[in-house]
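Order of writing sets the chain letters: A, B and C. Residues in each chain are counted from 1.
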Amino acid sequence: MARIDRAEVERIAELARLELAPDEAERMAAELAAILGYVEQLDELDTDGIEPTFHALPLATPFRDDRAEPPLAPERALANAPDREGFAFVVPKVLDEDES
Amino acid sequence: MRPPEHPTYEVVIGLEVHVHMRTESKLFSPAPVRYGEPPNHAVHPIDLGLPGVLPVLNRKAVELGIRAALATHCDVHHSSVFARKNYFYPDLPKGYQISQYEDPLATGGWIEIEVLPSAAGDDGYATRIGLTRIHIEEDAGKSIHDAVVAGADSSHVDLNRAGVPLLEIVSEPDLRSPAEAGAYLRTLQRLLRYAGVSDADMEKGQFRCDANLSLRRHGEPALGTRTELKNLNSFRFVEEALAAEVARQAGVLDAGGAIQQCTLSYDPDRHTTRVMRVKENADDYRYFPDPDLIALRIDDAQIDAVRRALPELPEAKRARWQAAYELSEYDAGQLAESRALADFFEAVVAALGGGARAAKTTANWIQRDVREALGERGVELDATKLEAGALAGLIALVESGRVTAQSARPLVSELIDHGGDPETLVRERGLEAVSDTGALEAAADAVLAAHPDVVEQVRAGEAKGLNFLMGQIMKRTQGKASPVAAREVLQRRLRGA
Amino acid sequence: MAAETALQLADALAAGRASAGELVETALARAEAARPLGAFVHLRADGARADAAASDARRARGASLGPLDGIPVAIKDLMVHEGEPCTCASRILEGFVAPYPGTAVARLQAAGAVIVGRTNMDEFAMGSSNEHSVYGPARNPWDPARTPGGSSGGSAAAVAAGVVPIAFGSDTGGSIRQPASLCGVVGLKPTYGRVSRYGLVAFASSLDQIGPFARTAADCALALEAVAGHDPADSTSLPEPAPRLRDALCGDVSGLVIGLPREFFAADGVEPAVLEHVREAIAELERAGAKTREVTLPHARYAIATYYLIATAEASSNLARYDGVRFGRRAEARTLGDMYRRTRSEGFGPEVKRRILLGTYVLSAGYYDAYYRKAMKVRTLLRRDYEQALSGCDLIAGPTTPELAFRLGEKTEDPLRMYLSDIYTVSANLAGIPGLSVPCGFSDGLPVGLQLLGRPLDEATLLRVADTYQRRSDWHTRAPDPATWTGADR
């Protein structure tokens, strides 16, 4: 399994949209390295041919019938908005660098 | 066969199409699917990604997905998995899109496309385009960047579209020209509409296309570096944009340059492609199976049920009509173009008692009179008052000789605009064919008296004079004369009887 | 003398010896007295009084909704209650008011329960000490200098302090059972899928489960009956209807076979006092007619590593929605990118950031198979361990936690050491099976808990055994001394 250093932590932080102070990044790198070191014990186990468990108990695929319910009242949909104009949520201008 | 698009380079195109499935509610929430609503008027807490909400899969969306897969000869998988595609964007409420990744709904299909003869004189041809995969996913909302609406330094977010059920249909890189890309999209759109999967209205964003394009020297086995053209929102733009990108890439390669992998958008005014963003390193979407959802299991019984419910698709209709009705390939193709027109055609034929003769007559009336009238009005058939029964009635009146084709034809427009019963219209307008001998003899005498010279020629055995005299009789009776009766009277008079 | 149980209060209400209005005032007064414990982050005085009045009115009409009608209940601050705040003890949900009803709370209200307030917790349920809370820590009623455990520390403390007879929490890796053990109350984590997660703010979706705290197993049965059962709004909800659990409380365990995992009784890393009390409790159950046999869980030692990979991966994705766009606290910024980064960096505490980073890392390109997929496979091995073990016994018993309530601040500097205190609890979440902690003694005045683990959907057996044990013990009748609380928060 891979090692993790400060540069890697900063790459991950950007993926997660977290901003870390340099010392914070250092500390996180050390803490994550310790935890990843601990989880390396899983390498002891041979799991070839073992099915992964995504859900502990088997279930049939649950479905919803295609019936529309009345939507949320717009005022309630927007009640928690940090910033709004009319019925739209407002965010700082999206620049190309923000494109995903 | 397939003419090379470029003298030096082979053009390699793959298309990624996103279509809105025709459902009442969203893919994972009970919010209604609505278009043209004010922002955030068609959302459920699930679509807002509020803390604590959970998705539940819409059964109808899965059924429509299976329909699309069967209509395109794909294998529907017995187990497929919904995964989270993680990235941040304001119109992506949860910070991830629920999509399918490693285990899609269906893979490995194809559709047959037809490229029409080109203005350049290449003749048309048909070819098969492979489908890589079809998967189900949720749509995102809309970010409005337009400064007029959102202001110079902010954007607006509307989540009405968030969660609308999408099918992503990915083709193999089998397309060799913009024309083929256009034909592929039109065929796919027609198929999806026929199968009732989607209204596929591009204006409403129900049918969206991204394209991958690369060039390689003819005969070169390896694929060239590809670029991606995003949000091409009309068939015309797709073809124009691809042509522009072929020219751009060829220019770069001719100059000894290398193609840089990037995403482009098309500027229809300048007819050029513009780089939106360059991909240095691949995106890291951290896909993983969505723990809020159970794997989608579909057994053969469910697949067969959908297959049985699948309507006859255009290719099959055309083949059947050509065989059973002896329609020309052209007529059959045109009549099968939209499901509404095809169903109308079959209804009229049925009302006339079916059979090749009824079919051919009906085809003529639709291809000639109905199409022309629709063209003049610029409307689709199902937007008019024309009933299959009415057209059948009108055709029957003509066939039985009670109305001449000539006086019946204007009634088609009448029926399109106002509907009604042809029988009554004919009576009210006094359009019944005149076959009462008295009136015809009077008309014939008048004509003979007016054209002694022609009468001479005819008596001398010049047949074409006869047609002229017939035409004159028709004039005098405003086309109401039954041609059979008129000719009889005329010939009797010419014999001097 | 401990406060009344929910069933005792239900009798009093039925007999007209008490009114819901009185019970609410009592709960609010006790909450005030217990304020230094930091158990509550939001008291719902007016709403609770109105609900209690409605309950009394129903009862007067002879239209009581059942034993929970009029009983004061507390809920963890990550359970959505329509029209009420829900902050998950995080700055990032500052000011958020839920515009929709969560299933568990809606079912409690349908049963007439009176929700008096929202309890403290580790931010987004990430922690084992309740120290990672924007409101400050909750404290252990038995010693306010110590942790009540976490992440549902406030709910455990509220019940232990006698403020409410029943409180609800959530358990992702032990967040109900560990605080129950450290606070000397009963805590039950139901089978995964037993209680709807619709309206439970997600930490790790494939592990999270809502469950009750109470002083007695009988009250836990009453509480679980009210919220359990299939919910079509949760795709992972089990189809089974709510079980009639109180019928199972027959006070008889004769013939039951209790499995004792060798790995849970190995001396290393567990305080002797804890093992001593656990062994004594099991001996008491044997005197009551239960049999015991040794079982083995060969992969138990891998549970923590497996758990932290799965839980953080799911959390990193579940917490992406806190972006300052639609709700919650937004940091001012001129560009979208800065808005995201500042909002999330200022809004999340260090433990949440640590887990988001770990989870993002294990899912990121190139590591998915080595970490997440590997962990999902080890999860299969763990599940099989329990299937195997529980095929030879009716339930499994052992310690809930390796140690007694530790001092606040003792482990905050060492995340890994903090994680290890979940050693006995996480595997039940990974296997999806029910788990319960029942008080089984005191050491240096601090409670010790006995953990019972059962077969999927067999909460009944766990409650029956715990109830039988409580009929034969009096640990749950002891109460902490409120005099020790005053000034604890200063």
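Just so it is clear, a contact is a pair of C-beta atoms (placed from the backbone, for glycine too) under 8 Å apart; a residue touches a chain by one contact, two chains touch by 3 or more.
The shown structure was predicted, so the numbers you read here are calculated from the model rather than taken from an experiment.
Think of the whole protein's Cα atoms as having one middle point; the chain whose own Cα middle lies nearest to it is A. The greatest centre-to-centre distance from chain C, using averaged C-alpha positions, is reached by B. If you compare B-C with A-C, the chain pair joined by more contacting C-beta pairs is A-C. Distance between chain A and chain B, defined via averaged C-alpha coordinates, is recorded as 41 Å.
One finds 58 Å separating the Cα centroids of chain B and chain C. Computed from the mean C-alpha positions, the centre of chain A lies at a distance of 24 Å from the centre of chain C.
The multi-chain contact residues of chain C, meaning those touching 2 or more other chains, are 96, 99-100, 206, 232, 235-236, 316, 320, 323, 325-327, 334, 336, 340, 360, 364.
Across the assembly, chain A contributes 15, 17, 54-55, 59, 62, 64, 72, 77, 89, 91-94, 98 as residues in contact with two or more other chains. In chain B, the residues that touch at least two other chains are 45, 48, 56-57, 88, 90, 153, 155, 157, 159, 284, 286, 291, 294.
Interface residues of chain B, counted against chain C in their complex, comprise 45, 48-57, 84, 86, 88, 90, 93-96, 153, 155, 157, 159, 282, 284, 286-288, 291-294. Every residue of chain A that touches chain B in the complex is listed here, in rising order: 15, 17, 54-55, 59-72, 74, 77-78, 85-94, 96, 98-100. Within the complex formed with chain C, the chain A residues making contact are 1-2, 4, 8-9, 12-13, 15-20, 28, 31-32, 34-36, 38-39, 41-42, 45, 47, 50-57, 59, 62, 64, 72, 76-77, 79-83, 89, 91-95, 97-98. Residue ranges on chain B touching chain A, taken from their complex, read 23-25, 30-33, 38-45, 48, 56-62, 87-90, 92, 143-145, 150-159, 276-277, 283-284, 286, 289, 291, 294-297.
Only residues 78, 80, 86, 88, 93, 96, 98-100, 102, 197-202, 204-206, 232-236, 313-314, 316-317, 319-321, 323, 325-327, 334, 336, 340, 360, 363-365, 368, 372 of chain C touch chain B when the two sit together in their complex.
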